[in-house]
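Here's the structure we're looking at; comments come further down.
Chain nomenclature is as follows: A, B, C, D and E, assigned in order of appearance, with residue numbering initiated at 1 for each chain independently.
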């Protein structure tokens, strides 16, 4: 498929990267039903690690099988499938070159009392990503947590290592822990701040949660008010996150957060589109529904990002 | 011996692994009296390290001698014998190619006040496993403990190293420490979670304890109840663990835990079989009985997994 | 694109390779107009190095520009474009992910009196291939030459290095030098022998010249005669090469050799197809024609391999 | 441009450094409108990391774009532009060799409760600086903080690494944390002390805040009084800092601190000039104004350091 | 200085390179009196190594001093000064950042009976270039010589190493040795071939001798004749070399060869300009004249490349 003007324009913002990294970004941007639009839908499935298998998959037991999710990403025509080491070890041999894969490298788990506001364990490596034929690596940082500095140094090193071998990095930036309040985790200022930090670490694709209209930090609140930054609608808040990602020069995708109703998910997608976000990472809202419903939901999402709904 | 259809089907789930790893898995699956059935009995003897020699072996003093256990695994027609570095250094030269051996690499010990809910020391290495002609390496993690993240990174690195030289990994996953309660260590949700984490780390064979019907984590409890997951019988609980191991795509074996009565041991084995678990790791219940009794017990276990009892 | 049955069958012969290598092979087999047929056309352009720029490109001066060839491979819908380091350094940034690229790593040149029957210089490396986003590496050996053993050790090492990072290897195997006569270079027995050596070195795709019905080695001649191996037609000779490539379990493509008339090129392709070869590597016969003619020729070749002409 | 006598005199103080480090220092000293005067104005933009994007850039939204700042440094004829990894990854390809760049390597962020008196995360590396074509690396230490010793060891190591590849180091030395009071952070004795520590760590350019006439440490206060050190005017205090920087043998530049009125900024610059400081690092006072105003302010600053205002 | 359109266009051909390499190329292209024109004059002085000091410098004894040449390059406003390790060790500290320097890394010498048609010794390294503040490395290969393959592998490795740290490579490609005749060394086909090989090795700037209208290789001669390639004038021959350098996508500069009369040198320069070559490397014709004459010659050369003479 020939690169579209839209994708060329996005890649021009990565002109300092080597041809390998650029080609891998192009692969994700050109793949699937949204290929060429500059929009992406990524299916991430690592909740088995984060919350345990039953809590993640019992509601739709096909999801216990790693092949189920990989197949879903292919059949729904998504841009990429992100999964942990073990899942990709099992499923990759069954679907060579069928959909770009992202090796998610580090993980928290809720068995640990250190839990999610703390550190994460590294399950995979850059060499695993190459061996498994992945198109990118993925990593999570928790800005605000007491482990954030250490996590940032870990990912900075991994990004260097990955880009040297032509692999881009997708960085999940989820502020939490430390002084960040529960509401603050999705506050407008905090989410935009987390997105900015991810960009500055050298990530190529940034993944954040959809922000609410809460403003967590006093000084930020003053600035948002003084400068009259519009954050009343979800689309406006997406736009502020996009601005915070190098003024739109880095790809940013949004997660829907906890599983919720179809209408909410679709409205989120419209807001992401209208705020010029690059797309959605949608996991739980897919695999916790029966396959037919998930396929229908993804079809509607694709159509929304295509500007058809 | 020709691979049976059952073993071929199991190996198909490891199609991403190199032929060396697959061959070693096949060796264990095809060896002994259960060879070809897809079931395994492994004899592990590292309790000398964990609890001290007298506490482990005085009741049956032949057990002080590493050759005793190695010989027992051979004579009982088991699939593999797992032991620490020192034991295998002593016994391996006496039984070349007589039974697959697994080098257990890390160990806790009860002299340390850090005990078992904490870290373990690395006694062996991948190169030791090669030098000693082992068929796999073994490792223990304690999900839930404050050292779990570090342990996971250690084993992730070791698995990479081992598979590069054609060795599969058997991972003991024993949740404990941190916020995990004593009952929680064998709770249904916690055991399944630990098994899933082991799979995601890239382990080839997962070893967990038989779960009880306790549900430890509030959110998991809700999910088990809402989805009406049957966990009333031991076999049902085994089935849930199997599902949590990549929907049965990874080999999972169960330990009997503390030494107990023969009937209890046999009933456990029947439950493992009926829940489609892949077999038993049975240590203390063997070496703390006189050899004749142990041989008889193992014979009955074999017959149970053969579907004859 | 979903893998076709034909491509799945081919990949099954590479089941010992890691998912990365398999995915890259799938990418080449599924790309372009022949995607999914199990046939491939690869455009290689390294003759500037081998014969000098004027001798290669003056006849069609657009060919002085590396972008010209890369664009041609894309526009003609070929499976892959193979080129030296310098060419890919120039062209790769312009065509991210538009067609699989093969970094040709070593090269002879006709300025050297050591010439083509001798060693080659390594221009590129596996890390260059990763940095440039390539799908495979390419290498040439000259079985029969006095440097052949050294070349074989070089490529054996490179294949190991490349496959560890998920890259397959395309191996040009051109017997020459030493006691190999000029006619012997394309003799039936010698070409088949060279192809077999390439397979045995661990190459994933083998590239040889179309053999003639000459039989070079006395002992081979006896065997061909005694066993009544049919080599009368080009298709029969292709079939014998395919057999020599692990009985068809390794992909083998054929070069047309020196630039020649269109009919000869097309008949070669039909013979490759009828003898169950996997396709053509066609360089000089493309870039030494005007673009319109080259496009027409490639279109016909594609149709031949599609079984339409 | 030929080195001026002034610049030669400055470089003579670095005669122990290798020619690479000296050349990079000369580049910064000879570049822009102040080139050759021995004075420098550096534009640093890392407040997005330190305070978050909205708080930094909303007042002048062009600043969300890394290209804006890089362009401003060029257009204003400044000596260098200092920025974090992500910013330089985005902007560097657009402005090759247009203005010396300094890769700021470590950063605090105000999402963390560990905040600025504690550690910083390393976003970049010396190899990043080389890859991005930078002229120097930048680093921040917090003398007085509980992490200061560790930071000092980090930067000492980085300075060694950087100078081996011909890169000088700009060291931000900001006493804070531990027993340092809020007023003490800019106290005369403390600022001079921090500057001296930076010199002793081997930094080539030292960056401190303009000191007040507060004297924080009792013993220092006694000495300043006993020796009748003049610190009544800003210029006198600058002179004391310069003395503390190896008696003026190391380049020292001053930051204006929080955004403030134009007159204050200009008076600060006159004091720096009159006290023989080497110049200003001015960030927030630039990018929080509209571009036209920033350009005007920078023009006046340049003229002040040229001795024209 | 702002990049000119011409320089931007040249840099666009290096878009696969990292920002460091691009910045260093820009530095050379933007420096000196020809800065921004896309033309370059480089002063190389390594003949002391090649021919011995008296033979090189006795005629103009100032040339015994490395500072003399470095100063000349600065005073004449050239784009770069290329010299061996020892020379730059001596002169670099005296002229920091006054003119881009190129560390010439390998050298032949005429004390050796292996002489110039054979191998060269490596005097310097990439780390030397960084330590000395150089803008590029330089290297010589002798295509056609029996050592050519080894030289090519050496420089391929050095180019990789240098570009990783942001340094471009200037490659002297001088066919000689082996079957190359004396006349063949500057034959049209041979020079173009050597230039092409240098490009394919990944060099960023190619340096060759001005070709004569001799055609050395039989097959090439046929092609030049058949395709009616105009090589009657020096400008036409330069144009053919430019074409052979990736169709003008790589910078190519020409040496004047042996010292000769002023008119010959100037006519050479006009031909380089008219054939769209990027400039001259002129050594012996400079340093074997008195400084005043050399300065006058260089001034005229600059004016020629500026299109003024």
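We take it that contacts are C-beta pairs under 8 Å (C-beta built on N, C-alpha and C of every residue); 3 or more make two chains touch, one makes a residue touch a chain.
Computed from a prediction, not measured in an experiment: that's the story for all the values here.
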{"item": "Any chain that touches chain D and chain B", "value": "A"}
{"item": "Farthest chain relative to chain C (centres taken as mean CA coordinates)", "value": "D"}
{"item": "Listed pair (C-E, A-E or B-C) duplicating the A-D contact set, over half by residue number", "value": "C-E"}
{"item": "Copy-to-copy rotation for chain A and chain D - C-alpha atoms, rounded to a multiple of 5°", "value": "70"}
{"item": "Selected interface, C-E versus D-E, where C-beta contact pairs are more numerous", "value": "C-E"}
{"item": "Chain of greatest Cα-centre distance to chain A", "value": "E"}
{"item": "Gap in Å, rounded to a whole number, between the CA centres of chain E and chain D", "value": "39"}
{"item": "Chain centre separation (chain A, chain B; CA means) in Å", "value": "36"}
{"item": "Between chain E and chain B, distance of the C-alpha-averaged centres to the nearest whole Å", "value": "67"}
{"item": "Of all residues in chain C, the ones touching two or more other chains", "value": "18-19, 92-93, 127, 132, 164"}
{"item": "Chain contact graph, described as a line, ring, star, complete graph or other shape", "value": "other"}
{"item": "Interchain contacts (touch definition) - all pairs", "value": "A-B, A-C, A-D, A-E, B-C, C-E, D-E"}
{"item": "Chain A residues within the chain D interface of the complex", "value": "13, 15-17, 143-146, 148-150, 152-153, 156-157, 160, 175, 178-180, 189-190, 192-197, 199-203, 217, 219-220, 223-224, 226-227, 229, 240, 243-244, 246-247, 249-250"}
{"item": "Touching residues on chain D, where the partner in the complex is chain A", "value": "48-49, 51-55, 57-59, 61, 64-66, 68, 84-87, 89-90, 92-94, 107, 109-114, 119-125, 127-128, 132"}
{"item": "Chain C residues within the chain B interface of the complex", "value": "15-16, 18-19, 164"}
{"item": "List of chain C residues in touch with chain A within their complex", "value": "1-3, 11, 18-27, 30, 74, 88, 92-93, 96-98, 127, 130-134, 164-166"}
